[in-house]
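Chain naming follows the written order as A, B and C, and within any one chain the residues start at number 1.
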Amino acid sequence: MLERAIILAASAIGAGLAMIAGIGPGIGEGYAVGKACEAIGRQPECKGTVTSTMLLGCAVAETTGIYGFVVALLLLFVTPNMFLGKL
Amino acid sequence: MGKFLDLVSIDPVHIIITIINLMILFFIFKKFLFKPVQEIFDKRQQEIDKIYSDAQSAHDAAQKDKTEYSEKISAADEEAQQIVKKAAEKAERISDNIISEANSKASAMLKKADEDIAQERKKAVNEIKNEISSISVDIAQKVIEREINENDQKDLIDSFIDKIGDDNG
Amino acid sequence: MDSINITGARILFEIPVTDSFVIKITQAQVNSWIVILFLFILCKVLTRNLKVKPESKRQLIAEFIVEKATNLVNENMGQKFIGFTPFITALMALSACSSLLSVFGMYSPTADLNTILGWSIIVFILITYYKMKGGFFKYLKGFTQPIAVLTPFNIISEIATPVSMTFRHFGNICSGSVIMTLVYAALASASALVFGWLPGALAKFPFFQVGIPLVLSAYFDMFGGILQAFIFAMLTMLYISSAAEED
């Protein structure tokens, strides 16, 4: 029983820690969007191009955050079952 | 509840099914959306090309007609001008003719009149000469009361008349 | 709290091939077949009775889609890859429509990792094919550039392309569906708490689930889904065209 509790707790704590990865993309995307707003303010006629490029860049910048999220999902939903099955 | 897959799970069969699904959709899009629409685009393009070439040929024909007409009009203009010119020339010629004829006629008449006058004058002068000579003979006969030799008399009178005539002439 | 059930796709039926190998047909597959059927019918309806002079709105929509897709591919990949247009359109339409299924409360196939992994594998095969067009050994030699020590990193970065594409799409949609599940569960328990005194079946009716999740659903399902479809297609085009440019 104690092992179960330890495994579940460790998984939850690990998932929480993994989501710290969300900080980086948050800062990066905010910076990118700010720059895009500046660009649109300077040249409003380029709005469409700037917006689509920004979305693409944001999507690429998001990758690390998504990796963190996937690791958190794995820790929450996959690893406990894996280890609990062995117990 | 039924059975569920794990939230993050990898199953090769599902991957293959997905790939096949995407390929099927690709072929569906290619065959049923892009092909017919592209055909319509091509057809439209052809029609537009045809319309353009028709318009071009019509334009060319119109241009040709226009040049032809303008040529014709200019030719007609020239012709008319020529006709007018010719008519004017003819009229001038005729009028010249008429004038010259009239002139010549007039001059001939003048000449004839002059001649008549001269003749008449000559005639009158002769008559007067004769009369004067006879009168003078008479006078002289009367004055001298002797008969001069007819020939001498005549010579004398003639020379006298001539002198008069010269003075008149 | 038993109602919170965060799992993958529901297994609808199993086809046993051998004792150990069982083909599981899940909700994800069935829903993507539904999407394909829907798109097929849409194509047939849109392209029915096309005229040279467009008369119907349907034809205008079909022409608009074809023109926009052709322009997008032409801008991002160049005239050389104009044949990719149906593929890119299929990818985008399948991804967007699959994500939009969750608006109707159905399981969206893009929340299943296998679906997106399949697409990424196709994209990876295409990228590799275009890289190998310049010659197989040239392709292999490209891994040792600029120095031979970097070979493992080059291989990792090569493999990271489809993996990152997969997890980007999957993570976005899946996080949306997880958050939506949590929100629905939270709203259900909240309405049970507030309206628990109502008699009979009304007590169990989740009043808060009406209307409130719409805002989140609009963001996670519609905006996120369409944005991820667009980004997946854009990245596909960029990767393929840059792979072909290398030689």
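In this text, a residue touches a chain if its C-beta (ideal position, glycine included) is under 8 Å from a C-beta of that chain, and two chains touch if they have at least 3 such contacts.
Just so we're clear, the structure is a prediction, and the values are computed from it rather than from any experiment.
The most distant chain from chain B, with centres taken as the mean of CA atoms, is A.
Each of A-C and A-B has its own count of C-beta contacts, and the greater count is at A-C. Centre-to-centre separation of chain B and chain C, using mean CA positions: 87 Å. Measuring from the averaged C-alpha position of chain A to that of chain C gives a distance of 18 Å. Taking the mean of the C-alpha atoms as each chain's centre, chain A and chain B sit 96 Å apart. Within chain B, residues 6-9 each touch two or more of the remaining chains.
Multi-chain contact residues of chain A (touching two or more other chains) are listed as 70, 73, 77. Those residues of chain C in touch with two or more other chains are numbered 6-7, 174, 178. Only residues 70, 73-74, 77-78, 81 of chain A touch chain B when the two sit together in their complex. Of all the residues in chain C, the ones that touch chain A in their complex are 6-7, 164, 167-168, 170-172, 174-175, 178, 227-228, 230-231, 234-235. Remark: chain C residues 5-12, 23-24, 26, 28-29, 32-33, 36, 39-40, 43-44, 46-47, 50-52, 59, 62-63, 65-66, 85-87, 89-91, 93-94, 112-115, 117-119, 121-122, 174, 178 touch chain B in the complex. Residues of chain B touching chain C in their complex: 1-11, 13-19, 21-22, 24-26, 28-30, 32-34, 36-41, 43-44, 47.
Considering their complex, residues 6-9 of chain B touch chain A.
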